[in-house]
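Look for chain A in each of the two complexes below; its partner is chain B in the first and chain C in the second.
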Partner chain A sequence: MHCGKYIKSQTVKLCIVVLHIDGIRSPLASRCYSHAKVETDEEFDARWVTYFSKPDIDAWELKKGMNTLIGYDLVPEAKILDSALRACRRLNDLASAIRILEAVKDKSGPHKDIYPYLIQELQPTLIELGISTPEDLGMDKL
Partner chain B sequence: MSLAKPAMRGLLGKRLRFHLPIAFALSLVAAAAFKYGVTEPRKQAYADFYKQYDATKEFNNMRDAGVFESVRPTGE
Partner chain C sequence: MLHLTAGRVGGLFSRRAVVGLTNSGARMSSHHEVSDQVDMSQPMYWDRLDTPLPDRAWIDVLDSKDKSLKQKEKGPWTALSKEEKIALYRLKFNHTYPEMKKPSHEWKTVIGGMFIFFGITGLVVFWQGHYVYPPQPHTFGEEWQAKQIQRMLDMRVNPIEGFSAKWDYKNKQWK
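Here is the complex of A and B:
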């Protein structure tokens, strides 16, 4: 990953990843001047699946994990969400499970194709755990 | 019919990489347009006005109009 110096005016200098049309992304936490090894997407996903898979996860850790995850510039993968929903099940927290689905829809922003895709991928989990979607409950029309 | 996996990462970054340069460029254009459309003509108008300005003549006109308290019009 290399950085391009992007000079917009005499006094403002932004250091951003060189613009490519098919989209080179900067990973979540990397600085142009840092030599740290950059975490791959798979490592990132695995880390979060592991976080939510902790058998004795507590309510605080669930909330903290979800809030941190939502802060990133990405929509979480289905496997991370699956792990989080199962954590909600262990904590008997249906409200948080449905809230996670709402949050994912919100994170998608203008990209309306992400949420239906994720619901499709999570369908087996939703059925197994008995989680209703916000749409099922009419909560998206409030 | 199952849905294809959409792009899910870096969506904000992509949006900013697209819109921020445009925003900066448009801001610079707006500033330049204001400078050359408003402030430069205004400065030129002042310069033109004062190029042929006779301060003494204007003073005497104002004095004779009776607007000063420190001097009375000529001839009083």
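Here is the complex of A and C:
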């Protein structure tokens, strides 16, 4: 116990000495990054699923949520989209549900395999709620 | 949401202000406006790839057929036919994503216009050269130029790497 304290005080002294020698230059390992906590992917997904899961979500909140989500540099996970589609159902808004699917397909950009995967994941929800994909309605063609 | 239609507001403000709130119709301003003014204080519609859900629907004045379709939308969507689903989409949105992304033929107009203006400019330059420019100085003539070159060679202009260096003085020709 006593030994440990002694060693600790020595290393502290060493640090101070290093800083003093370096002068204005900061020690090697430190960078000017923010010390804020970085949100993990799971936390991000959970936050958005919760947002759209609000039972009495209103039309404005749905619009705001979707427009914000599409503004991010990512394609939303299937569970977020599932939550959003169910929000459309609560708002009796089929058109927006189809629009969301279109937006997600556009978001995938050159990665053509993302959209079919998402549709596959969402298939149970689409069948349950009776949402047709743009492809089913022939709206993916000009 | 508060829907302030022009009619409802009529009771609160004077007629002049009510007209100002409408999107179209007679302008009561002092100068004549040619274009339609968009009322920026009202929710707007847009077709944007990066903002899928606009502030208002494309068609918000519904006739009885649309209204009954909207009522049906409140029930299970499995009961809707494909045509009804498409109709509901078209009520709320103007263009689909593929329609938004459709390429236009504008580039042909742009390139064509460019070439037309190049052509006109070419004609102007040609006309200018013929009618505007004064006669060329006499120093541009064939004979004068030949004498000029001979003089430069005699002076040994740039003899190491330039003009005279390219002349073969022994054989009296260019190298």
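The criterion applied here is as follows: the second predicted complex is superposed on the first by the 110 of 142 C-alpha atoms of A that agree within 3 Å, B and C clash if a C-alpha of one lies under 4 Å from a C-alpha of the other, contacts with A are read in each partner's own complex, and residues count from 1 in each chain.
Keep this in mind: contacts are C-beta pairs under 8 Å (C-beta built on N, C-alpha and C of every residue); 3 or more make two chains touch, one makes a residue touch a chain.
Computed from a predicted model, the values in this text were never measured in an experiment.
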{"item": "First, second, both or neither for A:57, with chain B first and chain C second", "value": "neither"}
{"item": "Which superposed partner A:111 touches (first chain B, second chain C, both, neither)", "value": "first"}
{"item": "Touching partner for A:98 - first (chain B), second (chain C), both, neither", "value": "second"}
{"item": "More chain A residues in contact [chain B versus chain C]", "value": "C"}
{"item": "Chain B versus chain C as contact partner of A:80, first or second or both or neither", "value": "neither"}
{"item": "Touching both chain C and chain B, counted on chain A across the two superposed complexes", "value": "none"}
{"item": "Residues of chain C that touch chain A when the two form their complex", "value": "1, 49-55, 57, 73-74, 76-80, 82, 85-86, 88-89, 91-93, 96-99, 101-102"}
{"item": "Complex contacts: residues of chain A adjacent to chain B", "value": "6, 8-9, 12, 14, 16-17, 19, 23, 25-26, 41, 73-77, 109, 111, 113-114, 116-117, 120"}
{"item": "Interfacial residue positions of chain A with respect to chain C in the complex", "value": "60, 62-63, 66-67, 70-71, 89, 92-96, 98-100, 102-103, 105-106, 129-132, 134, 136-142"}
{"item": "Complex contacts: residues of chain B adjacent to chain A", "value": "2-14, 17, 20-21, 24-25, 28"}
